[in-house]
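Naming follows writing order (A, B, C, D and E), and every chain is counted from residue 1.
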């Protein structure tokens, strides 16, 4: 349709969109490209090589990064699982629990971690652990992650659940299902895409977290972001670019899965 | 249908309040076994609320609901021998058609294979056997409607509740489904409680109709009864087109009331209880009960002038201004017989009324 | 229309009302203990006395807030005057975050609008493209940005070899770098809510405006913008709030030289300063500011909801 | 493994092979966290770090502070079998009399390095940091370390480190505020990296670190300002509540072996504090330009510990500077 | 309306393709000045597309559109002297009613106060003066509809386009608005191009109707013309209820065709061009053109048996199975005259057809 008749489109908006994408991708692209640099210096290009990827796995820092990766992934998996379970229960209570006094405060509490600036939450958690005398370590990171992952798991689940009319459960109960059967046979399968995206979201957020982890981590326990931060503080090194590129790849895979899962309907 | 027929659902003084808002005000009605019963009323009048109370999705605030004599208001939805066809079908989107239809049986304890077998039979009934393994989203609206019906019928409920099941369908399909539904009801003998806000649908399909408005039962009766003898203004106006005239009752003799309708015009009609001489009330005359003529056919013929002839296909609606009186709409069949009676716009004409066509309304 | 009142509104749905308290319990416990309680403890700490080299003494004190708002000179004994240091850090943060927000809006709005007007099939793909970078670790993104912007980094190399500039642009370690970093970190937050609003926007209104002789620009200004305002405001908040407390961008891109709120707070716990009550107080002040912004937003949304 | 050891250490200050050797010898599993300034280490230990680390490596003055704060455990007589290896001049330092909490690790100096390719004037003056020529403005990196910056600034001003003279303190504050405008960044861990990459032309830095920078970019030259420069001795201390106290002591003994501590010096390019290490040391260390001040150099000065009241003013000046 | 009336909108061979899909296939039609012109057709037939091409929201793929003789296809929407009443009204939610109505004038360059003055007058026309300062969300559907109308009328367009403006309203309100719209059209003399898929609405309101189906113009004419002389099966079936019979033409004499309709039953009707002896075609008879009788009234009376009497209020639809023949629906007025003719279910009966009621359809 010509610009003349199409009242929706504005000339120039497309160019801005392209600009926007360039801005978003340029830094990532540059890092990806340089991760394949054969040179030990990030400033010189010496041709393509997988050297730094090898370095990540066998190089001098490999042990550190491996430990960090194991921590990161185990924390992310446990935290995302716990947060998703908690969020699913909470969403059921909030979306399907009728009207009651605790509803709004509960919603507020659940979304609190995304409303409080991360640095504040980090400081608060640090002070809290300190004041109650928790020794910082793996567990402190884990509980902090479970807590702040909850809203990220919650939001897609709630959104999905709100999109499911309660007539489905009513229909199930009308057809002699108990509440528990209606939940398991009808609501849960219908919610599944929301639950999966909630889990993936929580997983990525946990995997991604730097600030809070940095405040609550214990001695010698690193996650990938804190390990990377520790390294890049001393300058960007090619092995970091390789790790970043791998994480980038992982994120893309995860989002892609989440994208397709949230789009798939188990209804077709 | 006799009055002695067994009562399937007995609603006794049921009240429903949402907070301070009263959605249903002391409704009492008995729905007979095997009947096609319709709840008819404008949007928001409480039809769905009543249906949901019967199904068990809403508590009864006051009063009780009895199913074949047993109070059911305290039973959970999954314990009532009542199934529902939901307005938007509420087919389980992640299950095949077959599993949807078998769901109720399975929940009642049938094995999956038995459930499927019976579900297959139900699909035959609604002629959808070849779609058994599709998901609901792959069916058209009308097909989904039939699946919803099959699903609700499969556990052989004693009463079937249908909440505006046809409102999402287009005209042609709706008419076809009306016939099919009526047919299935007759065949299975299950009591149908059918909700609609479409008066023509209600008139066509029902054995009896309960007309509701603002949470109150306005009139209960057979379609013809309700159409021809509306009890009050709401019913007269809501069901079909009518000429609603403000009249004052001049004289009552021999059970007939003489009403003046403006100017020198008078009409006589059957007197009704509660309307005395001097009362200012409304009178309803259906347009199809009026005829036009170019000369007075009787002393009661009313003189006027044709304002407009509106062609509506099957009929022609003529608008006529009585001399010094109100406006009348007269419906004349668009057929040879009818067309002979049509009078040109601007010409003088007389309005003639069939005996018994005018009806005084109590409120 | 029919059946709407009873079945549609999920807010009134109460299928699982009986179990609701049990279902809520885990979230209350976890969030109550590990989010709400810590914030309360932090509030308490902000009213305690600072220990000389980090830590607190359990004596109530307003010193932290006093330090924030009043300048008592280098030696702590002058007459109090308004303390500009921290206010200006906050102000700088607001200003940096504000500029980043405006930058995001200027690029994000056309982008969101453009995406929302794509055919339905490709729309999700565009959204997908916009969101992917957000899922890349913020740290990695910030580092990438730093690498890109360096005086001798790829961007300058490119611009110089393209003959566009002779000397490298000095961007890294400047406020501009911080703004660019913030803008870059949170741009998707701007795009998504605006996109959602534009997608919901009924384009017949644009047609109605054109039909009533409005030019495209007038239509954008008088019809589209007011209609998608809630989305624009949501986007601005989603960019502004995290930018306000940002810590990585100022640290890595700004050279840790000019403090923003986030780095100021961090410094009180991890850096040289070691003033916990003050860090807690600054956190509380930041939190209060954010909550005020969110409340204003919520009110605006309610009003917008009321009239739509 | 026979237990763990958790070390809190400066960044890039411990050759990985040495830890591997320790593990190989003892079966003790070593975990190491790093920090980038004495003050950050102190803050972090106070913010919940105590009880999680066994040893840390504070500089001279910080040993005194930590001891004062009660963060350090006492090493009993006879616990360290290699205590006798400590060089005489480091055996009884003022910051830890009798070495009851610490053992020497490395010593060196802190001033700054200049890329002589970018600046060809005289580099041996603190003016390059605090009153730089226009061409260097915006190309200066400072260490993000309160003690070292303030000490060097005091040397530049020619005032005592723990002055209580208000005029001097105000002048110091003003001087730093003025100088800050010319600085590009505060960064310790990238101090070498920014010089090597050319992002900075002048960078405050430790001598050994500067030597390593020079190895990568040979135009980098370490300055010995005529106004004086900072000297320091880093020490391994035994922390209170150490979860693996016994292993910590083993580690200290390990570091007191001349061969082992020499490996640190060979790697980090600093001096060491045990006797009998000569045969293990890289001969190049003896002639490092970074370790051999020219005749023009001012005196080296240790960082001093001020009393609480005075320190409060310095903290305020630092805060003003960082904001 | 004479053929010599000025043509307001002339659509000449307009084609609209979306990619490979052809939404409109070479439509040509002339809409006369001052007429109430209706585009009628089932969902998806291209009504909106044609309207949007006239308004300028869609390009014309081929052909041209002329407004009072000038080609307008190349003008942007905001340059055409044509205004639209949108189906969902598209009122600007953040502006008051007054500002909504004044918007077009303001855009045309009027000062805000002038625009408001004229907007006030328009609100008077649609009787909404007291709502001037409300926001659209505070009005009911019918009121919003009137605002949309006022807004489109305010800049005095030469042609007003209305896309199913009444479809969101409920029955009573829709009927009232039909009358009001027709009234305003007459009063202002503006050419109305009205889109609907409701055939009764089209018949009631229009001067002329264009019936469309699948992107093609099926028939163009006055309401009565279209209802009584449908050109093809689509039009006959779409407009009103009809008995559509498959027939074979046995004989054609004197311009009359004798058709056999199954069994021994035959019907005679007017012959039409293109239908020859032996042709198997369809024949349409409107139910209201048929009468029932218990004995044969003429040699052409068709014998059968009553299957069902469906009460629909104004009328009763009788379903009758002809002996060995097709099923017929006969519509009888629910009035004294009509009720006399009703025959009980199961009884034999005869179907009598008015002369000229049966119509052969070419396709």
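Note that contacts are C-beta pairs under 8 Å (C-beta built on N, C-alpha and C of every residue); 3 or more make two chains touch, one makes a residue touch a chain.
Remember, it's a predicted structure, so these values are computed and weren't measured experimentally.
Kindly list the shared contact partners of chain A and chain D, in label order.
Intersection of chain A and chain D contact lists gives C.
Which two chains does the highest number of contacting C-beta pairs join?
A-C
Taking each chain's centre as the mean of its CA atoms, which one is most distant from chain E?
Farthest by centroid: D.
Rounded to the nearest whole Å, what is the centre-to-centre distance of chain A and chain E, using the mean of the C-alpha atoms as each centre?
Inter-chain centre distance comes to 56 Å.
How many angstrom between the C-alpha centroids of chain E and chain D?
Their C-alpha centroids are separated by 92 Å.
Measuring from the mean C-alpha position of chain A to the mean C-alpha position of chain C, what distance in angstrom results?
17
For chain E, which residues are shared contacts with two or more other chains?
Correct list: 56-57, 76-77.
Taking each residue of chain A in turn, which ones touch at least two of the other chains?
In chain A, 7, 42-43, 126, 165, 167, 170, 173 touch at least two other chains.
Can you tell me which residues of chain C touch two or more of the remaining chains?
7, 152, 207, 209-210, 269-270, 276
What does chain B use to touch chain A in their complex?
55-57, 76-79, 82-84, 86, 88, 90-94, 103-104, 107-108, 135-138, 151-152, 155
Which residues of chain A touch chain C in their complex?
Per the stated touch rule, the residues are 7-10, 12-14, 16-17, 19-21, 23-28, 30-31, 34, 42-43, 85-87, 89-90, 92-100, 102, 106, 109-110, 112-113, 115-121, 123-128, 131, 143-144, 146-148, 150, 161-162, 165-167, 169-170, 173, 179, 182-183, 204, 207-208, 210-211, 215, 224-225, 228-229, 232, 236, 240-241, 244, 247-248, 251-252, 254-256, 259, 263.
Could you list, by residue number, the parts of chain D that touch chain C in their complex?
37, 39-40, 42-44, 46-47, 65, 69, 138, 144-146, 166, 169-170, 173, 180, 183-187, 197-199, 308, 311-313, 315-320, 322-323
What residues of chain C sit close enough to touch chain E in their complex?
202, 204-205, 207-215, 218, 223, 226-227, 307-308
Give every residue of chain C touching chain D within the complex, in rising order.
Answer in residue numbers: 51-55, 74-76, 85-86, 88-89, 150-152, 170, 172-173, 255-259, 264, 267, 269-274, 276.
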